[in-house]
Every structure is written in structure tokens, then in C-alpha cells.
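The structure's right below; bear with me while I get my questions together.
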Amino acid sequence: MSAPGTFFHAHEEDPVEAYQNFKFGMWMFLATEVLLFGGLFAAYFIFKYRYHELFVKGSSHLDWRMGSLNTLVLLISSYTMAMAVDAAQRSENQKLIRNLLLTLLFAATFLVVKGFEWIPKFNHGIYPGTDIYFSIYFLTTGLHLLHVLIGMFFIGLLAVRANKGRYNSENFGGVEVGGLYWHLVDIIWIFLFPLLYLVGSV
Amino acid sequence: MSEHKMGHLQEPSTYLRILIYLFVLTIVTVAASKVHFGWEFLNVIVALVIAAFKASLVIRFFMHGKYENGETWAFIVYPIVLLVTLVGFLFLDYGFRPKDKYVVTPVAFDDQAHGEHGSSHNSTETHGEPTNDHAAAETPAETHGDSSDVANAEPAGESHAEAPAEAAANALPGDAAKGLEKAKILCIACHKVDGAGNELPGAPPFAETMANPEKTPEYLRKWLKNPAEVKPGTIMPNLGLSDSDIENLIAYLATIKN
Amino acid sequence: MPIDVSGISEIGTRVDQVQMALIWLMAFCFIACNAVLIYFMLRYRRKSANQPTADLRGSHFIETVWTLIPTIVVIIIFFYGINVWSDMRTPPEDSYQINVKARQWSWSFEYPDGRVEATEMVVPVDTPIKLNMVSEDVLHSFFLPHFRVKEDVVPSQYTYLWFEAKKTGDYHIFCTEYCGKDHSAMLGNLKVVDEEAWQRWLRNEPEPGQAPLSPEQRGEKLWEKWGCKGCHSTDGSVVLGPSFKGIYGKEEHFESGESLVIDDNYIRESIYSPQAKIVKGFTNQLMPSFQGQLKEDDISDVIAFIKSLQ
Amino acid sequence: MSHAHADEHYLQAKGFYNWFFSVDHKRIGLMYLLAILFFFLVAGFSAILVRTELLFPGHTIVDARGYNVLFTLHGAIMVFLFIVPGIPATLGNFLLPLMIGAKDVAFPRLNLLSFWIYLLGVVCVLYALVGTPWKDWLDTGWTLYAPYSVQSSTGVIPITLGVFILGFSSILTGLNFTVTIHRLRAPGMTWHRLPLFCWAIYSASLIQILATPVVGITLLLLIMERIFGIGFFTPALGGDPILFENMFWFYSHPVVYIMILPAMGVVAEILPVFSKKPIFGYRAIAYSSLAIALVSFFVWGHHLFVSGMSYWSRWVFSLLTFAVAIPTAIKVFNWISTLYKGSIRLDSPMLYACAFIFLFTIAGLTGIPLATLATDVHLHDSYFVVAHFHYTMQGGTVIGLLAGLHFWYPKIFGKMYNELASKVGFWMLFIGFNMTFMPQFLLGYFGMPRRYYDYLQEYADLHFMSSIGAYLNGLAYLFIFGNLIYGLFKGKAAAKNPYESLSLEWTVPSPPPLTNFDEVPTVEDWTYGYASEQNA
């Protein structure tokens, strides 16, 4: 099956061009992600405006310390991811792998903390649909969680490929683009944290 | 040349510095949320401004945004413009809608009232008829108080509800078994109950009714109290049910699923 | 068909003035553009292979002109439209208020005195009417084509609409927001009556020249309205309760062993306390009491109706 | 399999694998074309059934529910499966790299992935529409308005999921094209030398990227509403159906520009070629495409003029809606001016292009009373709206697609269709189309609400006329596509550049070789230097 122009036989591209396109494409994809979450943010603001009391009451069920902890964890993971890209740019493969694994570790920590938040809620009979605040809470954090999982999958993939020595100062597009995605996950959380956890804690 | 095309190197210490800034800003966010700014939405705005600043740090330094050209920045900025527009126009709509014209005010989830017993769709319709421009929204406390009392009285120890519908049934004050007994005497004349009885035209199967999310317990309460008031000309008679009969019937109906 | 509605309402007349202005504008633009298009198509049709063509790449002057002109025109239209629309959305303070409820697939109208009518809305002429509308289920839209007004009827909030009829007559009410299976059957009738007829209608009197409803007819209406027909047939067939056919004046045996000739008193008693004397064989004790719901007048109408079924 | 020669043209490869796994933009474009034309015929057939039902008042062929199912089927398939992928995924895919002098799109594999995702979405949508027992066929209308769609027992979840998936396909296609235009232009192909079709595709792609995610999340919320009762759109839980309308139209209004902009681009390509004249006001047309794309996000509220949204919202949205009229008007004036002092060949692509201008002026002008608040209140949700958007969608997009298909047919297939037959088809379509939808403007103005299964006797004549027009309209399509298919088998071989176009896609053989260009071309001048007299 070696027909030209089919899936495994696309024409070769100039690596620098490919890198540029890849990165530009990723920025654009991030734009769509922003707007995907944007719909939820819009719903948040509208219902927050209409049902302020309900939101204050709802967010009092959340523990802002857990939220802060998760914020810090994600920020550190963003840092390690940035360091991973830096290591790839400098062809320091060991450092690259170490940083990718650290990022994975922090992402996993985020998941664990999230689990400690969610499971007691379910035990208390709080679900999406309990009231509008918790619907928004579960949908935004849930969609964010989905992005964390996707991000973890790709970071894992990057680690495996880094282990094979794929990345160096001439070829680090994959790491950088993966990094862009991961930082977006971080940015979304930077907005979610105060909106969900802190509105009612005055 | 290739160095220029293949991205930029930053001093590793820069990343660390940015991380520290981000930490500090997180603390500022939490601290700011503890301060009363007088107007409740000012807190939200302050939180958003700090978050936007944090995000810009991540974009500029962690994501190497400061080395990107205008074409990329256009795709960073325009989505944000759109988002602000979306929210802004929604406020142009919701902000200027007369608030006293809303039909329903939802009730927040309340830990005390519901104890360990699943959640319920705590919507309480406040049917203020808009006669002469005053759609008075009654406080929903009354009904709410009712149901929570009975909910507390319910025997504990049942397994936690899996599905919201089941959870809703658990939180209902009535006794489903008594409801079923009553239904076998009354409703069976026109509706099938437990597979037995008539199914008259105009008397829908209970499963169909319960599949309709509009038919909330609140709706059913009004309906059973006096069908003709909810739907003039309906074939269903006023059965003269007592409040406890109604609650029992609703509890029974809530157990019916497709 | 609501084609020319001038005179039916002031707003409708003004809307049509805007509409006519727009139609003339549209016609002018359409003809101007396409006359030029077709003229060019024919005039510059290729007659020889090397027909010369001009190197016209644009003209800042003319492009600026044809940017500015539409801009000015649409701004004028905007304010012209807003002017009329703003009045359309501002009901006079002293409007007569009717509550409109929409459900799949019918309308009901509640008057200030608590009276509820289905399908037909009767309003007085020369009086501003404000409708406060809410839906019980899905989205609907209340449309009076002759008055050029429309507003969605939604379940989440009360919306409003106002109009003032200048001419008596019957007008369409349409639902214009898709609401499910019988959307197209969700029609109503707006009956605009003069002051005299309106007062009569308010007092529930029949129109002159038209026979008032007989007690039997009123009774039949009640039989339908209160759901009696769910259990009591009029053709002799037994549904859940005894059929009304031929029951009046007949001797009936009761569960208690007594027997009685069915008369006015028995019917009255059965409506107010249905379980007092149950006809033999009907043990389900289904029937609710209508005490407090059917008035004495209503009862005599029902009796007349049952009497008529021989 | 044998190793192919570099100059082998893209149609030569046979077999499932070579096509279904092809990353070549031309083959993918052709596969899209086949798919969307199939759905066009399916949805067109349901339109014929709808019009047959409306031939007479009362029951004609189906009952009320059947009618609702039919118009839902027509709307959903036309919008989601035909017209949104429409021109960008077919002609855009095929021509964009050729026109800018690239060997392929920026991400060829992603392009194939978009197509596969499209097929996956198709499966979901079709399942919801026709994949279940008759009583479960979707009847919510393509707009899926809450709370009806929350309550409906029909396949709302599968179609919502399907549209969500199709959204991904649309986003990835738009992203691919945007990166392609930004980064893969041949040396010398500056932004201001870019063919106008590429500008149009670029503008449409921006909308695809930026608007689609919002409808994605909205539909996700609708699914969640049905599964968990999250209460965003259910009034009994404190939700607001108008929020759904707002968020739905934030996407679905810009989406009409995804449909119409590429058609405008096609017309802007055809007019100069067949007039042998430079396009008039190149920059104005290019920038007005972009302006329409960017402004289109701010006008969605005109779909909610009678929905119960606030007074000031309606006020502002009315004003902004008028703002879109201006770039549109500029485009029309520029197109017409292009013909001035030209040397016009009225071949079928040119006929379609002129018909586009003709019909589009009607479509655009009838938008004015719909943007004007006073008149829109009366016309909202009436047949006037139906006629208006069919003039834009069929008179605009479909006519534009046909213009493009006839124009690039020799390039795509290397064959020629029968010119006389295509002209006959054109006139059938032109007459049938106007006969179908002209009466609907009147119906709407006379108060006939849309989505009505049954209607009052007084509307019967106009409905009857419209239905008869619809049959002619339908026949015309069969005739036109019949002619095009016939040309594939019996048509003469096409020359490399039969219309003497100066655009890059005509510099390669017909059909184009697999790798498009042996050497990446260098562009010296803009695309539209057609004039025989140089008076610059």
C-alpha cells in the first residue's frame, strides 16, 4: 500500500515550515478552546447575576483551600512544562524527560485533589442538576478535568517519545505545542478558581 | 537563521520568577476575595482583573507569546473580544429585563434541610400572576419548609441515590406505598396503575407524564389539587384529594420511570 | 387576509407605512442594480475575440460615495423603524389588562374579573388592551397579523403585548413559534366588539337577535368542562359511572339496597356528595365532590341537560 | 501497487484505500462534494414532500407530526450536512492550495481527519433523523429550541451529539485553511494579490474557528439538560430558554456567512474572467469579506426580536444588523461595476454568477425590513423570513456553488459538460426558484406563520403556486446534475485553461497532477490583470 498522497505517504514538508504551521495551528485551536469554555463562562455570569444568593450559598459548600492548593499545583505543573520546553530547546534530554514526568505528577496531584472535592459532594447528594450553581460547578470543572486528562495523555506521549530521543534543539515542536495546550488548561483554571471558589467566601 | 525560526530561548530563571509572581498573585486573589468592596460584583471584577493579569503572564512568558508576531496575537486577542462581546450583549439583554417578570426563582441546595438524603430539583414556582403589572414573587419558603420536614423524618440508611431522578424521589415527603394504594382506588378508573385498569382517551400513561421534565412535583401538586385550574377544559376531574394524599401520590408517581 | 390593515389599529397603520416606504426603497434599489446589471450584460457582450476592455481597477471617489449613501440610508431607516416600534412596545398606562396563557396547543385568556375564556378573546373597541403572557410548557408566540404585532410567549417570564382596535370584527390569532405537533392548529380568534356589546358580554348576556343558550346547552358545556364526560356517557354505554341516557325519571337500585326514582334532588345530592347513594354495580367510589365548584345555577343546568337525554 | 509517476493526475488512483485514506486535498474535496450533493438531494426531496403537503390546506400526504418531521429533516440535513461544509469543504478544499500556489493544505492528515469526523457526525445526525422507528424521528426543527427539545422524546441527544461532532470537523477544516492561507502562499503571493475566493474562504474559516465552539458548548449543555436536568434552559428549574436562543444564534447567525461568503468569492472569481476585466475595487471586496466575518458575530440578536429579550438589546441589535448591510452593498456595487466596459461571455458559469447577483440583491434587500424593528415584529417567523433565507441560501449559496462547479468543472474533472443543456437547466432553476419563493414573500407579509402544517383557505392560492414552483425547482436540479454527470462520461476532454483565466489553478493541467505544481510558482502580479488596454 504505498500509493502516494495517502495517509502514510503524505508529501514531505520542510521541518521549519512544519514547525511554524504546527505552532500557529495550535494557537488557533486554543482560540476555539477559549470560546468553548466561553459559553460556560457566559452562562456563569448570567446566572450569577440573576441568582447571586444561590451562588454565594453554593460556593460556601466548596473549600477554597482545596481550590488554592489545586491552583498552585497547576501553576507548578505549568512551570515544569515550560522548563521541559526549555530543556528540549537546549537538547537536554534527561532534563526534558524529568520535567515532563514532573508535569505528569503534578497533573495527577490535581486529579487526586479534585477527587477529594468531588467524591464527598456525591456522597452528600450533590450532583450536576442539584441547583444551577452546582450544575455550573460540575460542568466547568468537569470540562476542565477532561482537558487535564487529554493534556496528560499527550504529555505522556511526549515523555515516551522523548525517551526515544526524538527531541532536540532542531526538533522540539511537539514539546512546545504540547506545552501550549497545557498552559491553556492552566489559564482556564486561573479563571475558574476565583469565580467558583471565592465568590461566596466574603 | 534557524535559531530565529525555531523559537526563542529564555533564561530558566525567568520561568522561576514568573512562577513566583503567579504564586503571589494567587495569594492576592484569595486575600482580595476576603475584602468587602461594598458592591458584590466588584469582587468578581477584581478577581477577573487579577486572573487576566496572571493569564497574560502565562501567555507572554510560559507560552513564549512575547516572541509571537501580530498574526498570532490576533488569534489571542480576537477570541477574548468575542467572549467579552458575548457576555456584554447577554448583559444588555438580562440587565434590562424587568426582574419582577420572571416566573420561577430556584432555591439553592441546602445542606441542613436535606441531610444525607440525595438532592432534589428544588425549584419552587412562585406563580405571581402579573395582574396589573405586579408579578409578585412570593418567597418559596413555605413549600420548601414542608418538604424538608418530611425529608428529615424519613428513615435513614437507604443507599445513596445513583440517579438524580431517584434522588428526587427520596427527597419527596410523601409515602409512595400509600400513594400506590390510593392510585389503585382512584386513578385506576382512567389510568393504568401497575398494569391494571383502564386507559381512557385523554388519560396519558403515568410513565409518559413523568418523562416530561416540566411535570415537576410542584406542578403535580397544583394539578392534583384542581386540574381544571391548571388546564381549563381538561377531562380530569377534581378528585378532592387531601394534601397528604397528594404528597403520597406524587411520591408514588416519582417511582415510575419508563 | 390581512393585506390592507389601515384603520384597524393605529400602530398597524404606521407599521404598514414603514413597510410601504421600505418596499419602495427595495424596489428602487433592486431595479436600479439589476437594470444596470442586465444592461451591462447585454451592452458589453463579447462580439469579437479581441474586443477591448478597460483597465478599471476601482475608484476611491465612487467607492466612498456608495459606501456613504447606504450608510446614511440605513441609519435613517433604523430611526424611522425605532420610532414606530418604540410606541408599539409602550402600552398606555390605562390599558385594559388580560392575562394570556399558552399551552400545547391552545390559548386561554383570563380577564380581570377572573373569568377565563379559551380560544376566543373578546375585547372592546377603542380601548388599549395589554396582554400579560406566559406559557405553561414550551415557547409559543402570540401573533395578531391584522394589528402587525407579535411577541413570544415563554415559560420563564411574563412577556407583554399591547394593541388598540379601531374597528370591530373578527381577527386571527396565530401561534408563530414552533411548539410541537399541533403548532398549526394553535389558532385563536380575536373578537373586537363595540361598547354596548362589550358590556353585554361582561354581564354574560346573549347578543340581541341570537337566542340565549338554553339550560340544556349550558348543562352540556358544564358536562364537558368539568370532566363529567370522562365517566358518564350520553349514549347509554357504561364507562365508569352510569350513563346519563334515560336515567332521569328511572327507578334506580342502590348499593345500600334502597331504591329511588332519579329526580332533581338525587342529581343535586350526587353532585355534591357522590358517595351518598351509589347505583348498584358502581362500587369504585371514584367521583369527587363538586361542592363549591358548581353553583346552584349550574346544577339546574346539568339537571336540564340530563333530563334532555331520553 | 506500482509506484506512481510524479505527473500522474489525482483522479487516476483507483480503489477504496487510495481515496478513503487519501490526504490529497483534491481527492478529499471531491469526496466531500459527493457527500454533500447526496445530502442536498435527500434534503431537497424532503423539501418536495413538504411542499406537496402544503399544496392544499389540510391533510394532503402526511399528518401534522409527519410534516414536522419532514421540515426538520429538510432543515437539519440542509444546514448541518450540506450547506455548512458546502463550498469551503468542496471547492475550497480543491482550489485553495492550487490558487495560492501550494502543494497541499497546511495539515493534510488533519484534512482527512476532518472528513472522517464529518462522516461520523453524519452517522449520528442520520440516526436521530431517520435511524429510529418512525415515532422517534426528530421533530424539533433544526433550531432545537429549548424547552421543546428538552421535553421531546425524539432523538435530540443523537442529533445534538452529531452536530457537536460536525462542529469539530468544521473547526478543523477552518483551522487548516486559515493556517494554509497564512503560511503556505507561494513566493510573491502577497495578501493583496490573493484571489478573492481565498479571501472569502479565509473569512469563512475565521467564523468556523471562532463561532463553532460556542454552539458546541451550547449543544453540550442541551445534552446535559436532558441527562442531568442542569436547569440552564428549563424554566421550572430557574433556567431560561432565551439563553439557549442567545447562545445558539451566536453561532448560527455567523454561520450564514460561512455559507454565503464563499459563494460571493466564487462570483468574484468568475466575473473578471468572463468580462476580461479586472475586478472593480479589489481591496474593498476583500476587506468587506473580512468585515462581514468580524461584524457577523455582533448581530445575532435579530433572531430574538420578539423573543422577550430586553428593549435595549433589541435596539442595539437592530442597529448592528444594519451595519452588515453596508459591506454587502459595497460588494454588489463592485461586482456590477466589474462588467462595465468589459467583453462579456455569457457561458453558464457567468449566467449563474449574474443570477447570483440578481437573486442576492433580492435576498439582501428583503433583509432590510427584517432588520427594521417596526416591520420585523410583523414579519418575524412568517413565510417572509422563509423566503428571505431561501433567497440567500439557495439563490446565494447553491447558485454560487453551481456557478463554481460549472466554472471549475473542466479543471476538476478534465472534461466539459454540455453547454446548451446547462443553460436549459439554468433557466429551469431560475424560473422554478423564483416561482417557489416569490409567493412566500407575499404569504409572509399577509401573516402566514412558518412551520405550519395546515393553513387557512385564504392562503391557499399562493401556497399552491409555491408548490408548483418547487416541482420545477426540483426538476431543474435533476436536470443540471444529470448534465454534469453525463459530462463525466461523455464529455469532451477539457483544455488546460478554457476560459483564459489568469489564476494559478489554471496554470496546471486539467485534471491537476497529484502534487499540484512541479515547481512552486512565483507570483509576479495580482490575479486580475485581464484588461486589454493598459491605462494605468
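So that you can tell them apart, the chains are marked A, B, C and D in the order they are listed, and the count of residues begins at 1 in each.
Heads up, the rule we're going with is that a residue touches a chain if its C-beta (ideal position, glycine included) is under 8 Å from a C-beta of that chain, and two chains touch if they have at least 3 such contacts.
Predicted model only: the values in this text are computed from it and were never measured.
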- Message: B-C versus A-B: which interface comes out with more C-beta contact pairs?
- Response: A-B
- Remotest chain, chain B as reference, centres from CA atoms: D
- Note on the structure: Taking each chain's centre as the mean of its CA atoms, chain A sits from chain C at a distance in Å of 53
- Item | Mean-CA-position distance for chain C and chain B (Å) | 33
- Query: Between chain A and chain B, what's the gap in Å when you average each chain's C-alpha atoms?
  - Reply: 26
- Query: Any idea how many Å lie between the Cα centroids of chain A and chain D?
  - Reply: 35
- Which residues does chain A have that touch at least 2 chains other than itself? 20, 24, 28, 31-32, 35, 38-39, 42, 46, 51, 127, 129, 131-132
- Item | Overlap residues in chain D, where contacts from two or more other chains coincide | 147, 151, 182, 210, 214, 228-229, 231, 235-240, 242-243, 308, 311
- Query: Hey, what residues on chain C touch two or more of the other chains?
  - Reply: 137, 155-157, 159
- Task: Would you mind giving me the full set of chain pairs in touch?
- Result: A-B, A-D, B-C, B-D, C-D
- In their shared complex, chain A is touched by residues of chain D numbered 1, 3-4, 10, 13, 17-18, 21-24, 27, 103-104, 106-110, 112, 171, 175-176, 178-179, 182-184, 209-214, 216-218, 221, 224, 228-232, 237-240, 243, 247, 514-515
- Query: Which bits of chain C are touching chain D when the two form their complex?
  - Reply: 1-3, 14-15, 18-19, 22, 25-26, 29-30, 33-34, 36-37, 40-41, 44-46, 50-59, 62-63, 66-67, 70-71, 74-75, 77-78, 80-85, 88-89, 137-139, 141, 143, 145-146, 148-152, 154-157, 159, 172, 174-185
- Note on the structure: Seen from chain D, its contact residues with chain B in the complex are 147, 150-151, 153, 182, 210, 214, 228-229, 231, 234-238, 242-243, 246, 250, 294, 297-298, 301, 304, 308-313, 316-317
- Note on the structure: Note: in the complex, chain B contacts chain A through residues 2, 5-7, 9-10, 12, 15-16, 18-19, 22-23, 26, 29-30, 33-36, 40-41, 43-44, 47-48, 50-51, 54-55, 58-59, 61-64, 68, 71-72, 75-76, 78-80, 82-83, 86-87, 90-91, 94-95, 99, 102, 105-111, 114, 116-119, 121-122, 160-161, 164, 167
- Item | Contact footprint of chain C on chain B as seen in their complex | 97, 101-104, 129-133, 135, 185-186, 188-190, 198, 200, 202-203, 214, 227-228, 230-240
